[in-house]
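In the two assemblies presented below, chain A is common to both, partnered first by chain B and then by chain C.
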Partner chain A sequence: MSKVVEISPTTRHEGHSKLVLKVNDEGIVERGDWLSITPVRGVEKLAVGKSMHQVPKIASRVCGICPIAHTLAATEAMEASVGCYVPEDAMLLRYILQCANRLHSHALHNILSLPDMYLPGTDTKINPFTPEEPVRSVALRIQRLREIAQTVGEIVGGEAIHPSNPRVGGMYKNITPRAQQKIYDLAKEGRILAHEQSEFMIAVFKNFQNRDWAEVAGRQVPIPDDLGYHNQGYMAAAPIYGSSSLDDNPTWFPERWTEVRPWDWYMGEEEITLEDKDYPVGGTTPAGEKAWPQMQACTGVPLYDGQPVEVGPRARMVQFKNYDLKGAMGLQIARQMEYEACAYGMIEAVDALNTSGKVVADEIPQGDGTLGWAANEAPRGCDVHLAKVKDGKVGWFSMLVPTTWNFPTCSRALTGAPWELAEVIVRAYDPCVSCATHMLVVDENKKIVAQKLLE
Partner chain B sequence: MVLGNYKSVVAARSADNEILKGAQDGGIVTQLFAYALEEGIIDGAIVAGPSEEPWKPEPVIATTKAELLAARGTKYTLSPNISLLKEATRSYGLDKIGIVGTPCQMQAVRKAQLYPVGMRDVPDKIALAVGIFCMENFPYQSLEAIVEDHCNVKLESVKKLDIGKGKFWAYTERGAVTQIPLKVTHKYEQPGCHVCLDYVSNLADISTGSVGAPDGWSTVFVRTKNGEDTWGKAIAAGCFETKPIEEVKPGLDLVKKLATDKITKNQKTLEARATFGVGKGLRNPYI
Partner chain C sequence: MLYPEIVIVGCGNPLFADDGLGPAVIEELDRLQLPDNVKVIDGGLGAPHFIFTLIDPAVTKKIVVIDIAEFGAEPGSLAKFSVEDLPPGSYRDAHSWDLTEPLGRLKDQVEITIFGVQPKRVSSPDMEIGLSEEVQKAIPKVVRYVLAEIGVDYGATIKAERDHLWKEGAAQVRGDPEGST
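Entry: the complex of A and B
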């Protein structure tokens, strides 16, 4: 007899979401729904009619962990729509910004993931706040990595959180030779720390995968070998940066994308029948309450070739490096494997940069309403923005954000896991629920689906 | 207190003739930054450099002595130096910023350090803030009117502008000198200057100006620990000639008198704002 347990809210990821889990008598998930319950802010709708210069700055505010992704994807979607090719040195600055942001984001996610994990070979869980070694050194290394990354982001992007330097047509400013040298020095320091951090984290995640149990709520919960496996596909546009409709050979295909409503995809109304007051910290939703994922999910469900897909570090590794580790830990390990490429990416790009080169296109067309899109490989995966710009104004704007793609995929990946480990699977996706929840879902009659809640 | 807190005050001038040649007074700001750049106390300084238009300053980040020399001389119009404060830590990649400015600009620097609203990474990167004395300032169109109409001199031909001894002076490249009474310039003043209660850059590390010292010399207040360190090292390195302020004419009494006049007058303007309307007043940023 299935029971329903709900974890609300989930923790140690960005934003506000919950897990509604149908479990069997052993507490193993038969069908799980992971859904956003972050209020919809409606960036895509309010973008309509605004200038193509303003919209990327608004889109940036969707998320403060990966604002670079939204700034660059939105800016480049505008450029793709109006047909503006930006100078090479502007692209190099954007590339450095991209690498810096990924470095900081992955390091931040380490802090969020570590408390689920064990010091290899021990039954001691890792508390990143402890002053004790060896964890203290790891925490300090993470801090320094993030400091390096945010500083580099600040120099090339103008600001680490909500970069001010990118603009339609390129960048506002090139950097000085002194700034170039500073980036080089920071990246060289970061390269070594990134290598150490990556090796440490991979050892930790491998150790978790090899364990028989993890302690949750004072119980030993068995860790299945196939924790977090799913059979959905992968989608990635590039190993590091991205692609746009201006490319000769674009690597993302708008015609393969469709979208359905949460109504068509999530579970209907369920009553909570299983409750665990010990679930850390504060217990699960009390029995007797109702959950209705179809109505409560605040995102659309984007599909690629008619299926939910996984995006993110593993998708990039699968697509471009023949990576084959599955499951939650496979995804975590793929993320750590991107560490060093971020540092080397910065070094190579800053080497190639001409600090006296021009960074704004000579001519910035105002657009005739043509559809343009740009995909940015955000830390969490492929972030596609689509835009139609006419006379400098945005006529239509859409954002397909990594965590939106991952919501349904991750929900499928919950099947077969003990419900107590569902959050471990969710965290492997490094979810960014604010990012995912920026849209209003419109059904075929142009009625806003969220309004169903009000009826 | 009209002169602010300070550790010492002297009359001084640069020992570098090249700097003195184009300096407004004793070349204090240019010399200090040149020394601080050379010693690595700062790695760049925000100064009022030249622009396309004559006597219209443009804030620039100087990282060489040549760029500092180009910014010598007082431009009696607005130079928004703080507009580069954050950018200096960004695309310029500076870690130790020098900045020169009027009293209000020193206030902006200190406020950004204590209340950094949208000023991430600025507070700990200010290495040397040099303030200049300031009685009031003029918009560029005001300066054009004063120099071209009242002084009857083309701005392009001007070599030096000065306010002193109750007059506005314009010196041309070809040697002509024009002076007009300050009275006629009053209507051209920037209205925002009329609520300013700081004459000698009370919040700077080191502040300097012409009043109090003889021509070619400057009055220098050394105010903070940081200012004292830098000033002491520069003196030891032989950058400046100094005289005790008591031994020069007109000396500190005149500085104190002008400071008191400015503050008293502007304090009245501020108080009048409270009852500006009928039953309502205008904003007072100090409360």
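Entry: the complex of A and C
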């Protein structure tokens, strides 16, 4: 007889999400639903009628963690719709921004993942804030990597958090030769730190996968060999940057994308029958309460070729680098393997940059309402923005952010895991829940059907 | 070093009506000629992890935070808080990190002042662009207090009208021949 346990909200990631898990007598997940409970904000509706220059700024404010990815994806969706080709030096600046964004995000994610992990060879859980060595040195290295990435992001993006330099048509300003040198120096320092950091993290994640158990809520929970495995496909547009409908050979295909309602995907109403007061932080939901994922989920379910797919570091590694490690730790390790590429990407792009080159297109068309899309490989995965711009105004806008893609895939990856380790699997995906909530949901005939959610 | 001796941070989201107060004050401060040891940052929603966790207390001596705060006064009223005044767990950022936690770690080494403006209307989770009139009117007052807090004379700071990068057509205003929109 299966029982239902609910972890709400889940912690150490962005935004609010929860897990509703049907488990067997041994506590193994038979079916897991991972869903967003961050309220729908309707940013796509807000974009309608705004100018194509304004919408990327709005998109960047959806969440404070990945504003660079959203700015770039939204800007390029506008450019794709109006048919505006951007000068090469502007693209190089965007590429540097992309690498800085990814470097920072991966480093930040290390802090969020480490408390689940153990120091290799010991049963000591890692507290990233401890003054004890060797964790202290690791924490300082993470901080320096974040600082390097943020500094580069600020130099190129114009501002440290919500970048103001990218614009429809290119960038407002090129950087100075001095700034170019500074980025080069920072990236060189970052490359060495990134190498050390990725080696350390890979050792930690491999060690976790090889352990027999992990301690959760005062109990020793067995770690299965196939923790977080799923049989879904992968979707990635590029190893580092992305693709758009302006490309000669695009690598993302809107016709392969469909979306279904949460109502058709998630579990119906369930009563919570298993509770654990000791579960961190604050225990699971008390028994007797109700969970109703299909009504509570705040995201549509995007499908690619009719199936949920995984996006993110592993998807990029699988599609472009023949990577084959599965499971939650396989995903974590793929993320660490991208570290050095961020630093090398900055070095190569800043090397190729002409600081006196033009960074704004000569002419920025105002658009005739054609659908344009940009699939940006944000740190957490493929961030697809779609837009229709006519006479400079946005008539339609949609954001398919990485976590929206990953929700249903990760839900399947929960099957077979002890429920106490469900959050370890979720955190491997580095979710960015806040911006995953969007409102336009269409059925297989591309008809909008989300009204049910708004009742 | 990413952050200098004095850091002024405006927090909040301009998509949620009065929650945009912090960024709006930063936009005003950005027009002023401030000393080189001062950095003015639009923290948006990212201040706790992009700024407060990256402050080096050996370099940064003072942080001024500008945000909205509910303290039951008339909308647009201004109050000054210390880190201790903030109830723990009162605000959690998107990473489930407490705003007060990174500030709490810094408060013994860095002088932290928080200016809170009573909002009239916060539209979250619905999006609404634009501050209420009362909160909009409070901006010059906040700017004055922030400048006094960092010991800068308001009269000395006014510089030529400058347009912001993100404004449409800004490049044209600056006389950039390539800046056609």
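The rule is simple: the second predicted complex is superposed on the first by the 437 of 455 C-alpha atoms of A that agree within 3 Å, B and C clash if a C-alpha of one lies under 4 Å from a C-alpha of the other, contacts with A are read in each partner's own complex, and residues count from 1 in each chain.
By our rule, contacts are C-beta pairs under 8 Å (C-beta built on N, C-alpha and C of every residue); 3 or more make two chains touch, one makes a residue touch a chain.
This one's a predicted model, so the numbers in the text were calculated from it and none came from an experiment.
> Chain B versus chain C on the shared chain A, clash or fit?
The answer is clash.
> Figure out whether A:14 sits in contact with chain B (first) or chain C (second), or with both, or with neither.
Second partner only.
> Could you say whether A:330 touches chain B, chain C, both of them, or neither, answering first, second, both or neither?
It touches nothing on chain B or chain C.
> Of the partners chain B and chain C, which touch A:173 in the superposed model: first, second, both, neither?
It touches chain B and chain C both.
> Going by the contact rule set out at the top, does A:67 touch chain B (first), chain C (second), both, or neither?
second
> Does chain B (first) or chain C (second) touch A:181, or do both, or does neither?
It touches chain B, and chain C stays clear.
> If we overlay the two complexes on their shared chain A, which of chain B and chain C does A:159 touch? Say first, second, both or neither.
both
> As a test of reading the superposition: which chain, chain B or chain C, is in touch with more residues of chain A?
Greater contact footprint in residues on chain A: C.
> Going by the contact rule set out at the top, does A:402 touch chain B (first), chain C (second), both, or neither?
After superposing on A, A:402 lies clear of both chain B and chain C.
> Given the superposition on chain A, at which of 59-67, 113-121 or 149-157 does chain B overlap chain C?
The answer is stretch 113-121.
> In the superposed view, which residues of chain A touch chain B and also chain C?
151, 154, 158-161, 165, 173.
> Help me check something: in the complex, which residues belonging to chain B touch chain A?
43-44, 63, 87, 89-95, 120-121
> Which of the residues in chain C come into contact with chain A in the complex?
On the chain C side, the touching residues are 2, 13-15, 41-47, 49-51, 53-54, 93-96, 125-127, 129, 164-166, 168, 170-171, 178-181.
> Show which residues of chain A lie in contact with chain B when the two form their complex.
Where chain A meets chain B, its residues are 151, 154-156, 158-161, 165, 173-176, 178-183.
> Quick one: in the complex, what on chain A touches chain C?
9, 11-15, 38-43, 46, 51, 53-54, 57-58, 61-65, 67, 108, 112, 143, 146-147, 150-151, 154, 158-162, 164-165, 167, 169, 172-173, 358-360, 362-364, 433-434
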